[in-house]
């Protein structure tokens, strides 16, 4: 049984049009899966729906065999799925350490949480140096590192990252991907939405192409990378047009 | 010179109480972006509880504080759940809540006025007429006790926010609601709790008001403008801001009262409000945000 | 009598509509409204001709006209633009005192000085709007309006020149008792008609579209090039203009002016409630709301006497409307597709 399965998901904001028009997704435990697609295809919306910020209009989300599409975000997190959103997800007036503590909000074991925070400080000395600094005063790259480090405090089963490298300098992007690798090595399952499709796919085990609210292609990441149609449609500069679904 | 210091002392004492009154208001705004125009009428409601406790049963108003806080906590939760919890994430929520709390204030104003009449009342325990002397300066005992209690309570609230898990959740929700949700905070529950807490703080303030100021139901409109000016100055949503704003304006109004007469001291607050909006709408410690 | 008020008011409004070219007919409604409006204009001739005393009904009607004007006026800022003024009776006081003082000091009738009252109101609107409306939407403006009300109240209470908290008394027009209300009746009737018509005109104009854009999404309106601050300040000033003129007449009508008549929050609350009840942002809404509320108020006072229960009533009605009928009567009917043409003035 797959860890996470999304079936024919339809969702939209408020009373507006449906952004997701029947998305299918399958994620295996321990996998790093990358979702690519043009702007407006619904990638962020998909992640938001999975985590419970949006209630789907149709379809199911099945995690560890349970349907979770009606759960609130805090309940979804309890089940084990965490979203690191595109918008800065920090608490600007809290210190770095306090932000990390918020990462462990769902952990009931205080001591475990402090242990994990220390481990994160070991790994990221930059954060330790600034542990008493207000998060709002950090640079963009540092903030992103803090946000992702926060995830390591909770160690959820599934981490969903919405464009983690957005707006960051190439050097920092490398560091960010190092952290994503760290997630994978720690046994977390990672779902990655990446603007830089090539880089994202190179990094991942599995890939999924979303366009016009539907799943267009899905398969092992390297097959998707080497597929010439996908190269033309999504990895090049041409406008996306509806293409027949393939199951690799 | 010594007269100026005397006025300063009186202003500071007052500032402490104002800070407590404003703290509940700013907390609620921070978490839920609700401007609770009914906050002062809740203070007055609690003042009545303390007043009757003293007048009928000779219970010292200061002792009624815990009772007031518990009672008003539940009143707050009841009010939140019945009229404010609907439509939390819908657009236009902030505007509607202003009108709703306005209507609640009107209703409670009318009810209190109908049952208890609009006569001025004040409880007068023994210390209301005594004073403490520090060198050649004095502070009326009532103000002094009230200020100490206020600062103590605010300190407790601050510690609660800083060190407890729920406190973290409240601060997180105030600073970034969706991020808090994504980290497992049940923002609905936190909102309800915080509203209750805000009104509980109003309850404590009411106990103090019962012997510090003469009160009557219709007076809440004056108070809403005053309290609002404090938190706008300090930065809406910021507890520290409310405290600083309260002390600053209380001291200034004490000087105004002394030089121009007590009728004019409320004007300090109104003018301060306009000035802040003109110069720095987000206040001293607030963030430049959409919903000011 | 009560039902007369209701239909008469709607109809009066429709009469202005017939003055402009309105597409889509509704001829029958226009005719009805025209006739009843005519009846309204003619009604005061009864006491003139017969000498009988109709003062109660005249009073009720002109009271309604005043509130129809004020509520429609409030709606321009509160309904079209979405900025709630909870201290709107400041304009009422400003206009009232300007004309009142001119009457008391120089014997000038408000029937001549009302433009000055209007200008004073406009100035206050522009000035205060300039201070508070340049920031983006938020509760700060609402609180400022309450603070302004409190401020003006203290000022007027302590300003000896205008009588302080005791106020001043004003001389009445020299007419026999059953005719003395008539000039005010016509003045306020015309004010109501003009205000509602202006409200309609503004809504259809470019400014009205801009205001509506602001009320829906101010940031988008700004980036679309709409001068949001200017429009908001203008709307605020205009919304105060008619209220100020109403105040000018009201002073002499009552024959005295005191801060605690003009400057109580209950008046502001009622203005807000009238628009919300009728339908915030619609043209007919405030009119309907004003009429209904005045009827309810009359009923209440006659049964229970004036007391704090009035305030409770206002608060409770407001809560019920806000929680269950946020679009008001006109808005809800329109949404359900059941709005009678008689009330569709948008």
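We just call them A, B and C in the order they show up, numbering each chain from 1.
One rule holds for everything that comes next: a contact is a pair of C-beta atoms (placed from the backbone, for glycine too) under 8 Å apart; a residue touches a chain by one contact, two chains touch by 3 or more.
Source: prediction; values computed, not measured.
Centrality by C-alpha centroid: the chain sitting nearest the overall protein C-alpha mean is B. Greatest centre-to-centre distance from chain B is found for A, with centres as Cα means. Set against one another, A-B and B-C show the most C-beta pairs in contact at B-C. Chain A and chain C have Cα centroids lying 55 Å from one another. Chain geometry summary: the mean Cα position of chain A and that of chain B are 42 Å apart. Chain centres here are Cα averages; for chain B and chain C they lie 34 Å apart. If you check the complex, the residues on chain B that touch chain A are 165, 168-169, 171-172, 175-176, 178-187, 287. By the touch criterion stated above, chain B contacts chain C in their complex at residues 35, 37, 83, 86, 94-96, 98-100, 102-111, 113-114, 118, 217, 221-222, 224-225, 228-229, 232, 263-264, 266-267, 269-271, 273-274, 277-278, 281, 290-292.
By the touch rule above, chain A contacts chain B in their complex via residues 51, 53, 72-74, 77-78, 82-85, 87, 89-94, 98, 101-103, 105-106, 150, 154. Residues 82, 84, 86, 131-132, 135-140, 142-144, 146-148, 150-151, 154-155, 157-158, 265-266, 269, 272, 276, 307-316, 318-319, 322-323, 326 of chain C are the ones that touch chain B when the two sit in their complex.
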